[in-house]
Amino acid sequence: MTIRIFVTGGTFDKTYDEIEGALTFGDTHLNEMLHLGRCHVDVSVRTLMMIDSLAMTADDRAVIVRNCLTCEESRIVVTHGTDTMVDTAAALAAGVPGKTIVLTGAMVPYAFGSSDGLFNLGSALSFAQTLPPGVYIAMNGRHFSWDRVRKNKEAGIFEET
Amino acid sequence: MTIRIFVTGGTFDKTYDEIEGALTFGDTHLNEMLHLGRCHVDVSVRTLMMIDSLAMTADDRAVIVRNCLTCEESRIVVTHGTDTMVDTAAALAAGVPGKTIVLTGAMVPYAFGSSDGLFNLGSALSFAQTLPPGVYIAMNGRHFSWDRVRKNKEAGIFEET
Amino acid sequence: MTIRIFVTGGTFDKTYDEIEGALTFGDTHLNEMLHLGRCHVDVSVRTLMMIDSLAMTADDRAVIVRNCLTCEESRIVVTHGTDTMVDTAAALAAGVPGKTIVLTGAMVPYAFGSSDGLFNLGSALSFAQTLPPGVYIAMNGRHFSWDRVRKNKEAGIFEET
Amino acid sequence: MTIRIFVTGGTFDKTYDEIEGALTFGDTHLNEMLHLGRCHVDVSVRTLMMIDSLAMTADDRAVIVRNCLTCEESRIVVTHGTDTMVDTAAALAAGVPGKTIVLTGAMVPYAFGSSDGLFNLGSALSFAQTLPPGVYIAMNGRHFSWDRVRKNKEAGIFEET
């Protein structure tokens, strides 16, 4: 079984630009993280975009849906910014039937030592192997069905609705 | 749902003794790791022992079995050294029916920046929530039934038998 | 010999706000860094302000000068943002005669694993113990007299003028 | 001014062997550390040996002395295990006149996130630029003349004698 991983950016992959003194996007850290986790699951990683999820448009979501629909794998992990993760989950639920799709991200960039990213990635890959077809959000050890979750922006956590 | 976590030591929790210049055991890093992963799963952590799994005796295994049997939770994660993880899994399979028990560990101590521990912990907690009753080993993104796995000591990986 | 350390903020001490998804200032990381370096030099740390050096006003600089002038220690390290470090060095050179003052900072926040902060702090404390009275900038292993240095903002490095 | 760095091993450069589950030596971490510190001092790194300082023989010390004597640089940093650092310092003081030689090391391997190595390296490179000819030990922010220092093995620190 191969798990497809689609990278879309988000806090997960933000990095620090030394010259500008600001957070920015470079290449994804996904492969480095899989290496650190000594991941022995068969995965296939593809970067679709590298953006802040607040900047994600309907067209961007259509790209994600199309890639999940047409890829041959039936178990998929999507890394995504947390702010609009629920919106993309809804688009995937409407457009991609019969596959197990798990969206995950991070509250703190992986490039920070204090990131939850590696924990979330291990968790998302595991849920993607065991959950039945459907669209899920996996954050901080928990998993939520796409239609029963919201981000509590004050507390910075995902919670059931 | 509360997940019970039993700590037994292993590479996962090894730390560096500055005075002796050697690897040793102190307190578990489990709570620090759950904090780093911003874990929002309800967990209950208990340290049963803090030893190298090569030093684990039949009596030690009986302690682990008894604790898994008598705790009220039906979903359990056991952190364990990798060298004899398969032996403890067999003891648990013989002694604790009807619960989902996931053993996990690390190839590199968590105290090292390059550890797979956080990835494995996120993974084990996720498998513990979704797998049916049985005893499993979860390492490096994969999960194995207790009776279909061995540690390949040359390669330093777990593989199916 | 006690070395006085004055904290003023800068990249050195920036941290990541999980709720806002942006870089911000919290408490200083100085004590944590001294602990990590197992620093056995006698130091006395005081936070004067916690700001981006681009936001530093003439009044802020007057506060730094006054504290360096009136403190009883004659060897001082000032942590500072890199963008206007040279300006504060000039103010100190004009206002604080007869003391060894070393300004230092970081190109990447200490909270990032990839920071130069710990290296720079070890360096600055060492220069502060050995250089004659004067005002210096210590960055990335080098030290510069306050009147012979500029920040090359394109390259992100300090260089002699 | 170029600073010569001679690598001899020690805790500084110990790494974790995943297969054996033990501390060992691989390649030096010096270049990675200089990169992390964004070191802009002109340095020239050479590995002389990669051993635990408890295993260092008189012949090994003769190799270190000869290299420090014959290299063209007059400012030298030697990375070294802490247990016999004082002995090598004495050999260097007897055999290499007229150069500034700074020995440094770490209480915890650099490969551990909790290492003092980066702090010590920044410090040693700075002392090597500013101290007069002589042989010194630089650890944890302090510097000691070779004939006025001992390692307090109970406390794990260097102290004046």
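Letters A, B, C and D mark the chains as written, and numbering starts fresh at 1 in each.
Simple rule for what comes next: contacts are C-beta pairs under 8 Å (C-beta built on N, C-alpha and C of every residue); 3 or more make two chains touch, one makes a residue touch a chain.
What you see is a predicted model; the values in this text were computed from it and never measured.
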{"item": "Copy-to-copy rotation for chain C and chain D - C-alpha atoms, rounded to a multiple of 5°", "value": "180"}
{"item": "Reference chain B; chain at largest CA-centroid distance", "value": "C"}
{"item": "Centre distance in Å when chain A and chain B are each reduced to the mean of their C-alpha atoms", "value": "26"}
{"item": "Chain A-chain D separation of Cα centroids, rounded to whole Å", "value": "44"}
{"item": "Where chain A and chain C are represented by their mean Cα positions, the distance between them in whole Å", "value": "38"}
{"item": "Multi-chain contact sites of chain D, meaning residues that touch two or more partners", "value": "107, 113-114"}
{"item": "Residue ranges of chain A in contact with chain C within the complex", "value": "11, 16, 18-19, 21-23, 83, 107-109, 111-114, 153-156"}
{"item": "Sites on chain D touched by chain C in the complex", "value": "33, 36-41, 107, 113-116, 118-127, 129-131, 138-143, 157-158"}
